[in-house]
Amino acid sequence: MFNTLQQNFCSPLTLAFGLGIVAKLIRSDLALPRDAYSTLSIYLLLALGLKGGVELSHAALSEVWAPALATLALGVITPLTSYAVLRKFGRFDAADAAGIAAHYGSVSAVTFIAAQQFALSQGMPAEGYMSTLLTLLESPGIHIALLIGALQSSRDRLAVDAPAPRPTAEVVHEILASRSMVLLVGGLVIGYLTGPTGYEPVKPFFEGLFKGVLTIFLLEMGVMAAARLGDLRAVGVFLIGFGILMPIFHGALAVMLGHAVGMSVGGSAVLGAMAASASYIAAPPAVRMTLPQANPTYYLTASLAITFPFNLLAGIPLYFAFARWLGSGG
Amino acid sequence: MHTTVLSLLTIIAEAVLKERLIAELMQAGATGYTVWDVEGDGSRRLRSGDAPGENIRLETITSFEVADKLLEKLAHNYFPHYAMIAYTSDVHVVRGDKYV
Amino acid sequence: MHTTVLSLLTIIAEAVLKERLIAELMQAGATGYTVWDVEGDGSRRLRSGDAPGENIRLETITSFEVADKLLEKLAHNYFPHYAMIAYTSDVHVVRGDKYV
Amino acid sequence: MFNTLQQNFCSPLTLAFGLGIVAKLIRSDLALPRDAYSTLSIYLLLALGLKGGVELSHAALSEVWAPALATLALGVITPLTSYAVLRKFGRFDAADAAGIAAHYGSVSAVTFIAAQQFALSQGMPAEGYMSTLLTLLESPGIHIALLIGALQSSRDRLAVDAPAPRPTAEVVHEILASRSMVLLVGGLVIGYLTGPTGYEPVKPFFEGLFKGVLTIFLLEMGVMAAARLGDLRAVGVFLIGFGILMPIFHGALAVMLGHAVGMSVGGSAVLGAMAASASYIAAPPAVRMTLPQANPTYYLTASLAITFPFNLLAGIPLYFAFARWLGSGG
Amino acid sequence: MHTTVLSLLTIIAEAVLKERLIAELMQAGATGYTVWDVEGDGSRRLRSGDAPGENIRLETITSFEVADKLLEKLAHNYFPHYAMIAYTSDVHVVRGDKYV
Amino acid sequence: MFNTLQQNFCSPLTLAFGLGIVAKLIRSDLALPRDAYSTLSIYLLLALGLKGGVELSHAALSEVWAPALATLALGVITPLTSYAVLRKFGRFDAADAAGIAAHYGSVSAVTFIAAQQFALSQGMPAEGYMSTLLTLLESPGIHIALLIGALQSSRDRLAVDAPAPRPTAEVVHEILASRSMVLLVGGLVIGYLTGPTGYEPVKPFFEGLFKGVLTIFLLEMGVMAAARLGDLRAVGVFLIGFGILMPIFHGALAVMLGHAVGMSVGGSAVLGAMAASASYIAAPPAVRMTLPQANPTYYLTASLAITFPFNLLAGIPLYFAFARWLGSGG
């Protein structure tokens, strides 16, 4: 375990994230231009989808349905547990609790990728259909949490001077037609249709450069996470604990579920990382638009400055170790 | 050159509101708008979205009535929850009849 | 602080016209300009170039006479064919003698 | 033929274009940042030029002159046929007809690239000097059409309140010094001077990534084409037919010309695609500046939303099949 | 809609001064600012930094006193050495008490 | 020598720079978007640091200290010689002389990279620790020159209406925490920690693409340099001579120093190019902020439009030839 952790710390990916944090802390002007950030994320998501699609073209449907159901179950459970814990133990009001729960009910694509790379580097790659699961986990949690938030807020009369509520159809559309969803699902379909032969000529671009691009991307994520570190005091000790313990709980749950439905060690570990991760791309605008009473400082700081680094540095090796332990007969 | 005095309404707000605010303008009777990305800071220090710190600056040239109606609506529906400022000034517009 | 009242002329137009409009300003006697990219929509819904929907917003601070002359020229030579609006407002400028 | 079509549909390039269209139709926020689009197009054009230049350094001048003359002939013929058809059968006024003709008289670099890749994938690559032909075809058609437009418009007294006409020298300069021209010609010269040895160290970048970058580029082209689909109604049935039949006519003509001057099957097919294609980068600003009376909705929609997708999906395989048929003795 | 008349101070300056000018605004008592990148040209033709020709346009809505104090300071400390213009205009602001 | 020069002229890197110049001179609209320029420079600097760090992990500290001391000595000498020459022979006032000296006391990363690539292409690669030296040379010269400028300007009473001087700590921080410093040093540390094994998966990105990206970057540098050519008249004949002769002097000095401390031919040549080069990224904003009385036209034109092209085209082969001559026993 210790060895694995050390290996994880010394990968260029983790170190680039650390460099981004350091850069921000010493108030460097280092920052990826906003448009470059968008472009790299388009690349990463499309590459992810393509690769998944090509591998899916080998997979039997019969392999996929049980993990898919497990993933959907996680999409329902994780926002509920998050909401309950935040309300009950954290004493957050309904809007804030729902806003945070929406983030922990969804998923971070970069955490997913990092987990996949980690499993690969341990010689136990995850299944080819994992990107399909990623798309399944992205949106349900957000909708469930927003629904709770809307219901509770109106009951609590918090929403007295709130703008007219947005039609649900609009929120659903926004997430399903969001950039990341379109790229992931679109990439899956393209990869599936072209198969390995069609994929060959674009492989040097989409696969050969993947880790390098991810290194640059994580550098910027480090800068962004560090920009929120100053808010750690504002969010308080409870949310810091939540941002570490909730992922461990969700991660462990998901690893067990993955194991139960017959996934490999690598697959269960990656599923664990997915469930443990908190969204910082899809969830924030959806929550801001629909639940403006929720304080963005809470959900952004928890998701980006606590849970993301925790998973990257320690969570992923942890879920992997647990999956391996389970896989070796517990 | 003959010009008409009209109201130039400027809104600076969180980028996440872009589509919604444009829709509000058009609904209220504005005939056009101009918008671009800006950075800024104010009393709220609130930011959201995947590009933190990003705001938009949205302008419309319109009649004094429409501008006033819009200010009213913004103050009531958006100011309590979102980082946003809004102000108007008078401008002299060529072919002003196009905008009312 | 001593300031001078001058005219701030604002032009919002199709991006394709950028160089040409800057040349018009300078020719008419403006001493400087500031320009940036914006998006927008108006009555024409016309767009061109490889980056659809792109406009520019071009500003110059100048004397009332130059501003008026420019409005005249724009209204005559450009308004009939291009997506464009133009308006002026009064501003208080430090060291205003630099701009006339 | 059917087999070829199907293969073309299932390439990542075509599918990425389709994904872009779908994304726009479901009102996704997916879009490549404007600056990324410019940067990728700089890459593609320079890579195209470089590759062409390196290959040109092997070619004998005696091989090139006949195809070059054929290309220039196409640069004169295609705007004239386009203009005549639009005036006579489409009943467009002089300015609109000239505006559209300028687009069909010029060339789309992405269509050219796609055709080149297609010929390669069919095992019948085009000649090394094709990018030279591309630069020859880019501008004459635009100038000819604009000239007709200017003459006709002033005769028709359409231009009563037009701004003072722009000096021709300015228009010529604009196109010859345009980004795409400089990159293509500059790349050709650089590639020619460095030759294969100098090209070697930059080859992984300019050649290895080419198809992948093109995939991302076509994704964005899909978004842009779809943004114009709403204007299909506005342009009317005639222009839709024009946008499909005119390319077929120009493409067939060019394939025959290519065959006649001794080009290979691949080369004739690519020449066909070039002649059939309509510009959407060089022509629009030139037309907008010089013939502002021409309605951009017509030329942009025809070129980007009709002819470009048609060529990508069906035109290129068609010209190729025709070239192969001619090549095999007709 | 009830509005307050305040001063809108606009500064266009070399990009290299961005952080320093924002600090000056805040120190002088402004409660917020909005800033974006622009291009431009004027009497100095001076440019610096790794992105030549780049300027910023910085705006703050503030009381007339603060605006005047700032103009004074800019004219004295920055105008002699840097490419820069500054001007004010009056705007009608919703919830104007936030800004003074 | 002549052969080497010709080889240098015909590399894609040099030719791309030339193309950028031509593009600007014919008033083309070719320009890399500003954000793309930043992104590529982030890539180049990080790649540089990483590579250096990986190689440093093989190097013995005992090898590095003497070259490091030599580099620091150059960081002190070059701004002083520059200042003295500009004051004494150029009759520049204190502020202008200090402003220019700050640029020649610092270093141009692109010149460094080009020199490294050149040495490699000559089969005599520089030492692995060169990027460490680059970071050592970046800032001292700037600080020394700015200090002289501040002291002299206030003595000359030039600074009567200058803004309150900026605290030195602020200037130091700005340079040490600057983007290029963070990326170089950060890259070095990351490369050192990951070592060759960790570097392997990101190598296709950071090493395979390096020369290609540099080609595009030099294209833009050509555009930027050409944009300053119009100011050549304004800066006068003295500064033009200075921009060529000063680098030759500094380059020769550094090659000798490098040789003296036992560096290889390639290493001494690259050290020569570093000392000879003038900064156009770190120095300009530092000088503009701290010495606003210095005219930017002087330092930007000298550094970007004279010294940079000179080094790229002729200086680097020159320093290399000198280093080889010294290395072969003088």
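Read from first to last, the chains carry the letters A, B, C, D, E and F; within each, the first residue is number 1.
Throughout what follows, a residue touches a chain if its C-beta (ideal position, glycine included) is under 8 Å from a C-beta of that chain, and two chains touch if they have at least 3 such contacts.
Everything numeric here is computed off the predicted structure, so don't read it as measured data.
Hopping across touching chains, the smallest step count from chain C to chain F is 2.
The chains touching chain A as well as chain E are B, F.
For the pairs A-F and C-D, the larger set of C-beta contacts lies at A-F. On a Cα centroid basis, the chain most remote from chain E in this structure is D. Where the sister copies chain B and chain E meet, the same residue numbers recur on both sides for under half of the interface positions. With every chain reduced to the mean of its CA atoms, the largest distance from chain A is reached by C. Here the spacing of chain C and chain E, counted between their Cα centres, is 20 Å.
Chain A and chain B have CA centres that are 35 Å apart.
Per-chain CA centroids place chain A at a distance of 42 Å from chain D. Touching two or more other chains at once are residues 34-36, 204, 208-209 of chain A.
Taken residue by residue, chain B touches two or more other chains at 36, 89, whereas all remaining positions touch fewer.
Chains that are in contact with each other form these pairs: A-B, A-D, A-F, B-C, B-E, C-D, C-E, D-F, E-F.
Partner chain A is touched in their complex by these residues of chain D: 10-12, 15-16, 19, 22-23, 26-30, 32-36, 204, 208-209, 211-213, 215-216, 219. By the touch criterion given at the top, residues 10, 12, 36-43, 55, 57, 68, 71-72, 74-75, 79, 85-89 of chain C touch chain B in their complex. Across the complex, chain D meets chain C through its residues 34, 37, 161-164, 224, 227, 280-281, 284-285, 287-289, 292-293, 296-297, 300.
Partner chain B is touched in their complex by these residues of chain E: 1, 3, 6, 8, 31-36, 61, 89-95, 98. Residues 33-36, 38-39, 42-43, 46, 50, 173, 176-179, 181-183, 186, 189-190, 193-194, 198-199, 201-202, 204-206, 208-209 of chain F are the ones that touch chain A when the two sit in their complex.
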